[in-house]
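Look at the two complexes coming up: chain A is in both, with chain B in one and chain C in the other.
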Partner chain A sequence: MDTIDTSNLNRQFLFRDKDVGKSKSQTAADFVNDRVPGVEVTAHMCAIQEKDDAFYKSFNIVICGLDSVEARRWINSQLISLCERDESGEVDLSTMIPYIDGGTEGFKGQARVILPRMTSCYECTLDLLPPQVTYPMCTLASTPRLPEHCIEYVLEKTWSETSNKEDIGDDEKVDGDNPVHIKWIFAKASERANQFGIRGVTYRLTQGVVKHIIPAIASTNAIIASACTNEALKLATLCSSSMDDYMLYNGNEGIYTYTYRNEKRAACPVCGTPPPVQMTISPDTTVEQYRESLAEDPRFLFKNASLRMAGKTIYLPNVKMIEEATRPNLAKKMSELVPDGAELIVTDHRAYKGIAISVKISYKKE
Partner chain B sequence: MIGFKQKKKLEQEQKTQQATASVTGIVSGGEVRKKGYEIRVQKDLDELEPKWSDNLKTENVDLLNHFTLTLSPDEGIWKNHAHVFDISVPDEYPIKPPKVLCKTKVYHPNIDQEGHICLNILREDWKPVLNLNAIFTGLHFLFLEPNPSDPLDTEAANVYEKDYDKFKRIANNYMRGNYSKY
Partner chain C sequence: MGLEKIRAEVVSQIIAELNPEVQGSFLASDPDEVLESSPTFLERFNFIIASNMKPQSLKKLAQFCWDKDKVLIIVRSYGMIGYIRLVSKSHDIVEAKLDQDIDDLRLSNPWPNLQAFSDEQDFSKMEMKEHSHTPYPAILIKALKQWREKNGKNVPASRDEKEAFKESIKDLALSFYEEENFQEAYNKYFQAIQPSEIPQSVQDVFEDELCKNLNANSNDFWFMAAALKQFVANEGQGTLPVQGRVPDMHADTDRYIKLQTLYRRKARNDVNSVRTHLGQLLKTHGKQSESISDSDLKDFCKNACYLRALHFRSYQDELSSPNKSEIRNHLMNPESAMPHYVMFRAADRFYEKNNRFPGDDNSNLEADAAELHKLVKDLLNEYEVEDGSVGDIFDSHVKEMVRYGACELHNISSLIGGVGGQELIKLCTKQRIPLNNTWIYSGITSHSCTFEA
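Entry: the complex of A and B
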């Protein structure tokens, strides 16, 4: 789990030199407990997914300082699944836990307030996220244009293909904190950059690409953190109406900030009633291949999907006996089991708690 | 003209359907042929904790509306003794709770000799947000903390409160296949 690194100390003010190597959550909790009388902070060292419904139900407000889209999607669908409707379909306010989310990247930041089932949720606006920076393998291999392409190529290919790397064992995985590794990757990426006439491969950039470093700036973090605590105060005391419902902040050139309302998406798979997703696949696709494609498809990112259709279980991994009974299906072709135009129900508890996605399958020869 | 009662009934049915749709996430586009419980059971099974999912069986993996759970309590009087439960999921699940019967004969204040179980979340306190995890945890809890103040087998509850040693003896006899109550 997350421990304190020397490089955190310039901006994570609850930590001191003596804390390096200790648990972040525990150290931060201890610091606040010591500093602020009457406040009781409990630290938990685990993945957010490990906590159950009862744990999340015990809170009145959830404020998130998460560092990934996956984690935000998970907590969003978790809090929305806890929010009940009464028999007439109205939101039961006693089960609604407001979710405040903040995030920064360099001089830019954002904060938002999500009132489950009442305002737009994280999933409603998922398509507003900038595309993830991944480069197609063919670009990396044959037509690199950016210094990043050269570094990624070394990471993906050269590293595993080169044996007898100087001072590095053949089985060693890339460690972004090991300067020997970074130096080696930097040297190889520079060679490749020279070959293709690309400039700009530096040691710092190599480190940034390998460690997926997102620049963090204390002042931006402070602004976003205070926006989040402001909202928590307003929601807790009702002293003012809360943010409606999304604030962006840009400190790149001067200071710019704007607050607006994201609309709820009627077809949101988490808080709306979604129509079936259409998928066209080759009739030769096996169930196993189809499950792998769900892991890669950015609409799903389901790494361990359960697949069912009306009256038929295709594959269900979580229950031992059912997994054993449906395992032979993995090698079968989808078209043997799922008729053209049929609706498949896909779930993945780890990615999307409490959500089932309906997928309409059609076949087309490649 | 439809009569008032009929209209009321129709409205009620619509409401139930809407509630089902909002709980299961099914779009009621008129084309849904799958039964209401199916998606929800799939999600429940997906979320099941290993201690339940490793001990759950079904004779029909396609329907997924009938299960047997082998539950061996990890503490208390019935520790490590396998109890088999029969779980039937109605089409209206999760609006209606599953029907659960205990197939193993057991001497317990909240389980009678026919295997009926008195557990609040299986009847009066059932809510559609509850799931199979919650039910199995509830059943397990009955073995850890029997509740003699709200008994189903009043005689067993009486013995449990007045003569705990005798209760333990009889319960142990049951586990060995001796169903005498002395």
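Entry: the complex of A and C
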């Protein structure tokens, strides 16, 4: 899936020039197997969502270096759903797989330890997340969806590949405060957006994206990777206690870390007992519009929601045949399909494993 | 791989692997010998990293680096504990890249062209669309002008005056709750009433001895800082050059670009004024005017409000006159990693006496613990920590330290290596703000502590 690009070499230190174009996971596995005798790493080249319960059950500890909120939510819900309780309601420790998560952004990073059903989980703290601003290059190159993708692409590729840019020297670096630069990027991004039929590239958005480029830095990756490894080592050997349970690292001004415990959220849809969700919508809302609202709603943040009711599927995007069969529903009004007061089962198969939220729908009276 | 090979050789090979364009080399020698017999070897380097060095050798190396004005980065990985100490006589920073930008748009004191731009915006002739896309700086300048005409004062000062000023912004709107640009102006009203101030860190740069006493050997930073200081005292009338940066805001493209162009033009004029002072200063000290490039000066002026100069205490000073009050303050916080600093100092004294670290030989564990405990007590006395004020927390730290026996754990070493790498990047690029000067990390709790030792 994910292959090695020249731009990865400065920070992904398991890769060399000769590896460009090869699979990331396979190359990383080969490198470690080769360099560290006694260690056996197996690479799997697929989406994490393609593996089943039995696969995840075979691990004692899971460490993640994922690049999206969606993937983190999914692995979190997968590992929590595997964690069982005995008759008395106590967590069955033999089914608990600790989840260690890390991430970086420029000179900042964070690492955390999630003990399913015992500590707070990823979903418990979803509302603390800032909006995401970085995109993987493969998305930018082949499957842009958002106007931001077009702008990023121009920044990362077109800018350096185009010589004789009007009024801009060939070796000039992008300057977010220079209107000549922004205008040029804006024009190129608009062209690209037209090609892909994407709307919404504006001058202002262009400037916003240009100014928010956050470089990935090898040393930050090393710090967070070691913090995660350190926690794994402690859990595996019990040589000392675990971090409790979240560490922030900021190297922008001096060195600052802050380690604190996140509270478990009783209403967490993944590890807690969520109260029933009630939504009041206009009877004219189409299924499509309703799904879009779930992407923005902080209670869901479902970019690709599936909607079901007892005995009836409204829209299911992840199975091709059912998607085709239910696609005509997208244009219909919610009130035609879901009666007032009915319970709707909502989930997103890329963000949740085996978990759904039940929503009671009622309609605004005109 | 690498068993029984020379450590320096393996390390230099592995590091060089990361970038084929980099050439690595190594010298496998006792650092004491190198310092004594061939110090010129070390003189070639700008940055020297001392990793887990013997305490006595480290002292000598620190003295050498201080005398030769080399940047020294001391790193230690000791059981579950890590330590980093930076030493550099002075370090200057142009791009601090703070988490929070400083927006200084000169709204309380607009230059004539900016005032004119605001005056051109005739709200009475605008339809809603144009009205609601007027950039907020123009609104604030207009509101302030009105307020001045009405009140005959410079800026609103009292609470009531400020409230009245805020209301006057609302009154300018056609429909305040629909016009996001007016809400922006309302929320940022303080930008209009705040005089443009020079941050303390920049004033410190101006007052720095290196700025006041330029000489032919001063580096570019100090020449530019001295020129900037003259600009502030003359053309700037107490303000820094305009940054030329306009933050994102609700506005139509056309007027936003106009505003941007205004700021950039003013910024360019200000840079030109600084250039004149700089040329004069360079000439006075017998240097070519072109020895500092336009683009360097432009970057310098653009970042004028972020400039900083750091001065580090020497390692020798740290040992001979420890920063007692800082140490005591941190020790009062039960979550602080400061006890580990005390443990490092105690372990070093142990080494200086016994030529080995405590616990590295399993046969003397109890005797080592007792001796280390005594050294900790001495140190706490020297730091003037009141008896009993830290309870018995050191009993367990002494045991831990002896248990570590100065072993290096890969998980802690790699973390400290990463943090040290990050500090090195900051020092080399002169971007962002490096640690001043000590960082202690516990791999057990993952708590850490930064202080000036």
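Quick note on the criterion: the second predicted complex is superposed on the first by the 219 of 366 C-alpha atoms of A that agree within 3 Å, B and C clash if a C-alpha of one lies under 4 Å from a C-alpha of the other, contacts with A are read in each partner's own complex, and residues count from 1 in each chain.
Keep this in mind: a residue touches a chain if its C-beta (ideal position, glycine included) is under 8 Å from a C-beta of that chain, and two chains touch if they have at least 3 such contacts.
Quantities reported herein were computed from a predicted structural model and do not represent experimental measurements.
Taking chain A as the reference, the larger set of touched residues comes from C, when chain B and chain C are compared. With both structures placed on the common chain, the touch criterion links A:356 to chain B but leaves chain C unconnected.
By the touch criterion defined above, A:306 lies against chain B but remains apart from chain C after alignment on the C-alpha atoms of chain A. In the superposed model, A:62 makes contact with neither chain B nor chain C. Looking at the shared chain after the overlay, A:219 reaches chain C, while chain B stays out of its contact range. By the document's definition of touching, neither partner reaches A:210: not chain B, not chain C. Touch criterion met: A:241 reaches chain C, while chain B stays clear of it. Of the two partner chains, chain B is the only one touched by A:347; chain C is not. Interface residues of chain A, counted against chain B in their complex, comprise 82, 84-85, 87-89, 273-276, 306, 308-313, 316, 318-322, 325-326, 343, 345, 347-349, 353-356, 358.
By the touch rule above, chain C contacts chain A in their complex via residues 1, 17-20, 80, 84, 96-99, 244-246, 248, 251, 253, 256-257, 260-261, 264, 302, 411-412, 414-415, 417-419, 421-423, 425-426, 432-436, 439, 441, 443-448, 450. The touching residues of chain A, when paired with chain C in their complex, are 10, 13, 16-17, 35, 107, 111, 177-179, 183, 202-204, 207-208, 211, 217-227, 229-230, 233-234, 240-241, 243-244, 247, 250-257, 259. Residue ranges of chain B in contact with chain A, taken from their complex: 15, 18-19, 21-27, 29, 33-35, 38-39, 42-43, 45-48, 53-54, 56-58, 61-64, 127-129.
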